[in-house]
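Have a look at the structure that comes next, please.
Chain IDs A, B and C follow the sequence of writing; residue 1 opens each chain.
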Amino acid sequence: MTALADAGRAPPRRSLSTFALSENGIAVAVLAVFAVLPLVISGYPIYILPQYMLFGVMAMSLGLLWGFVGILSFGQAAFFALGAYTIGLAMQSDLGVNPAYVGLLLSLVVGGVLAALAGYFLFSAGVRPTYFVLVTLALSIMVEQIAVSQSEITGGWNGMFIDRMTVTVGPWIAVSLSADLPAYYSVLPVVALSYALLRWLVSARFGKILVGIRENEDRMAALGFDVSMYKTIAFAISGAVACFAGALYGTQANFVAPSLGGVLFSTEVVVWVAIGGRSSLLGALLGGVLVASLSNYLSAITPEYWQLVQGLIFILVIMFFKGGLAGAVAGLGRRGWRRQVAP
Amino acid sequence: MATTLSVILDATLITLVLALAAFGLAIIYGLIGVINMGHGAFLTLGAYLTWATTHAGVPFVAAVLLAAVGVGVVGLVLEHLIIRHFYDRPFDTLLLTWAFFLVMTELIKIVFGTDFRNVVNPLPGALDLGPVKVPVYRATIALVAILLIVATALVFYRTTLGIKIRALIQNREVASLLGLDIARMYKMVFVVGAATAGLAGGLISPMLSVDPYIGNIFLVRSFFVVIVGGVGQLLGGTVIGSFFIGGLETIFSLVSKQVFAQAVVFAIAIVILRFRPSGLLRHR
Amino acid sequence: MSELLRSEGLTKRFAGLTAADRIDFALEAGSVRCIIGPNGAGKTTFLSMISGHQKPTSGVIYYKGRDITALSVVERARIGIARKFQTPTVFDALTAYQNVELAVLGTRRPKHQQRARIFEVLDLIRLADEWAKPVQFLSHGQRQWLEVGLLIAIEAELLLLDEPTAGMTATETAATVRLINMLTREFGLSVIIIEHDINFIRDLHSPVTVLHLGRVLMEGSFDEVATNEAVREIYLGDAA
């Protein structure tokens, strides 16, 4: 009986148009655009885009936490800056192996471990989500201040200069990323890979559980799910991703200063993700890339007015467009039987 | 001996200034549960309005009071347009008040420019108390803080209005059954909280150089003051919380850089928050 | 029949108020028990202590012979104790399918078997045709059933149901009786039900425990309880 009844309920076969309009389809299209962009444009945009893409990855780490688990963090930039400082320090030392690789690996570990510890400490006690926001805000202030005060290590207010890294494969290949094109085509695959990995993660069992926790935490606990463990893991992943992105950013932007991890930047990430769409990884990623680049471009022209407008847009998004741009797009293309993007 | 005395005095003065700054937030967060991330903006605006009015020749006390009213009006507009629709959604109010901070800060930058401003100290000089010297103004502010707290205590525990407000906090449903106009009370509490923050900003302004982010120094501190002291414990909580945060910071800054001291105090506050989310003061 | 659940001296005191007073309770595996009592009798408090949502002030809880008093909500759910709350606590924004899916994800079932299992449960709770509907659009009765479905899906052995028929029509209530009978007789589950609906309890033919002011007043069959003087008094006295 069940098999027969099942057959009638089988999902419609996915046509090309369904795929094209799905998140994966759009992601592929966006990737293609970015892949061919340097053939069309050159100069400053190609120089600066990798940095914005890495902002996007940091935004994505927040999207994972906020959109899927429902945990807002005002501290992702703290991890980002930590990553940049980590690779900066790694590249100053004489390690024998490619110091950038060490820095990148270390940043994953540092971000993941710190987030796991903080997460465990807070979630195991069932800290209220609103308190968690305050704690992450305090943490980003603390990171900024520690970066300022430990100036012998970090360079204090003046910041730290970081070299461009060199991509090495064994003793045979060494490609310096000092030029625009090699840098661009090294960062782009990393960004695409991070997106793909996180996407895979959330579409699997883990992601569904996170959504369940967001939708009704008490019910999840009463169904036997260790809610605080899942939250801690999600936080650890987002911390590791943000830290890694920061490390790569450090060697791209060649510079890190305490303000990179500070409150203003941390909260700007929240604005990007809110506008881009928190419940969609792609929305968060693109929100980061596009809003950040737009923001920087407009800031150069009219800083106060742009920040003002951005603040007002943020208010409108929170009040009326919870799902951000991604939510609006998903609403337009909504099919009957299956939601791509959780509300 | 003199150093200990001066440390204690310093700590006390800092504590009371912090209590003054945090009081507006204690009112808004403690009474109506709004996580007002715009608290810093209220303080900043109070400072700027005070500067603008004193600059125009208005005497200091009047200027501060005008600033308080001005910030109260801004709070009223914010509450009426936006906040009142989101009382049941703490997360959204958190974000919306933060957005308000962003917008207000930019407005301040546009109107007043980004240069540092100085509000002239109306009571310069220092009291010579023998082993220690106390800046007159600072001491006066500390007294004002105490007076404000005592006055609020009187309102809360001796007036009908105070009773109504406390009833509101205890049980919203019951309060509405009793015929209290909930919406109006929330509005009033929000405006009073905003005005108090504006007042604090104005009073504190002569002690610091005024820039668009001046209020934010107190934002996270104020939250920790309220949480550590106990949300809703308006009086005892604010005092205890301020002593804790302010006092600890003073003591730590003796042994390390001030910037680092704050980080340490935050860390301790986070630990307390984790183990005692309802604050240090035992729930009555 | 073996004993599934036992509580000894289970007590819960809040400042000044004794919500539950030395409750001794026992339930055989594969059986049903209804708990009744006027408001404030301690029914939900008792259930909360069994599910782990409240920590008892004193007393012990045994489940399958093991002392579980110190276990958390999550741990108890893992060993088979599942609770349905007074207000339907389900995932409102998700579809019925997604709701049950989450519950099934908590079990060890391999991925390729999950779909079948989800529809199996949906069939049981009569939501198979509305699997794609966001649960917030289901009727109150359907949502109550969905919540029970979640408990079935995680393969719980002891179901704690807090007023499952509240807000249901007579038809729905009768269907709930049949569902619970099937759960106990066919699947061997055990069920503790807090209820106010006398007809429901009568049709269920289950033994009844009467709580009053936090204490067990009496236990017996439905008929014994319905005709008991003391029981009538506490209800009539309460209604007056």
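Descriptive notes on the structure:
In the analysis below, a contact is a pair of C-beta atoms (placed from the backbone, for glycine too) under 8 Å apart; a residue touches a chain by one contact, two chains touch by 3 or more.
Everything numeric here is computed off the predicted structure, so don't read it as measured data.
In terms of the distance between Cα centroids, chain A is separated most widely from C.
Highest C-beta contact pair count among chain pairs: A-B.
Distance between chain B and chain C, defined via averaged C-alpha coordinates, is recorded as 48 Å.
In this assembly, the C-alpha centroid of chain A lies 34 Å from the C-alpha centroid of chain B.
Rounded to a whole number, the gap between the C-alpha centres of chain A and chain C is 43 angstrom. Chain contacts: chain A has no residue touching two or more partner chains.
Contact residues of chain A toward chain C in the complex are 2-3, 5-6, 9, 205, 208-209, 211-212, 215-216, 218-227, 336-338, 342-343. Listing the residues of chain B that touch chain A in their complex gives 35, 82, 85, 90-92, 94-96, 98-100, 102-103, 105-107, 109-110, 216, 220, 223-224, 227, 257, 259-260, 262-263, 266-267, 269-270, 273-275, 277. In the complex of the two chains, the chain A residues touching chain B come out as 72, 121-122, 125, 127-131, 133-135, 137-139, 141-142, 145-146, 148-149, 263, 267, 270-271, 274, 304-305, 307-308, 310-312, 314-315, 318-319.
Taken together, the chain C residues at the contact with chain A in this complex read 51, 73-74, 77-78, 82-83, 85, 89-94, 98, 101-103, 105-106, 115-116, 119-120, 123, 128, 131-132, 150, 154.
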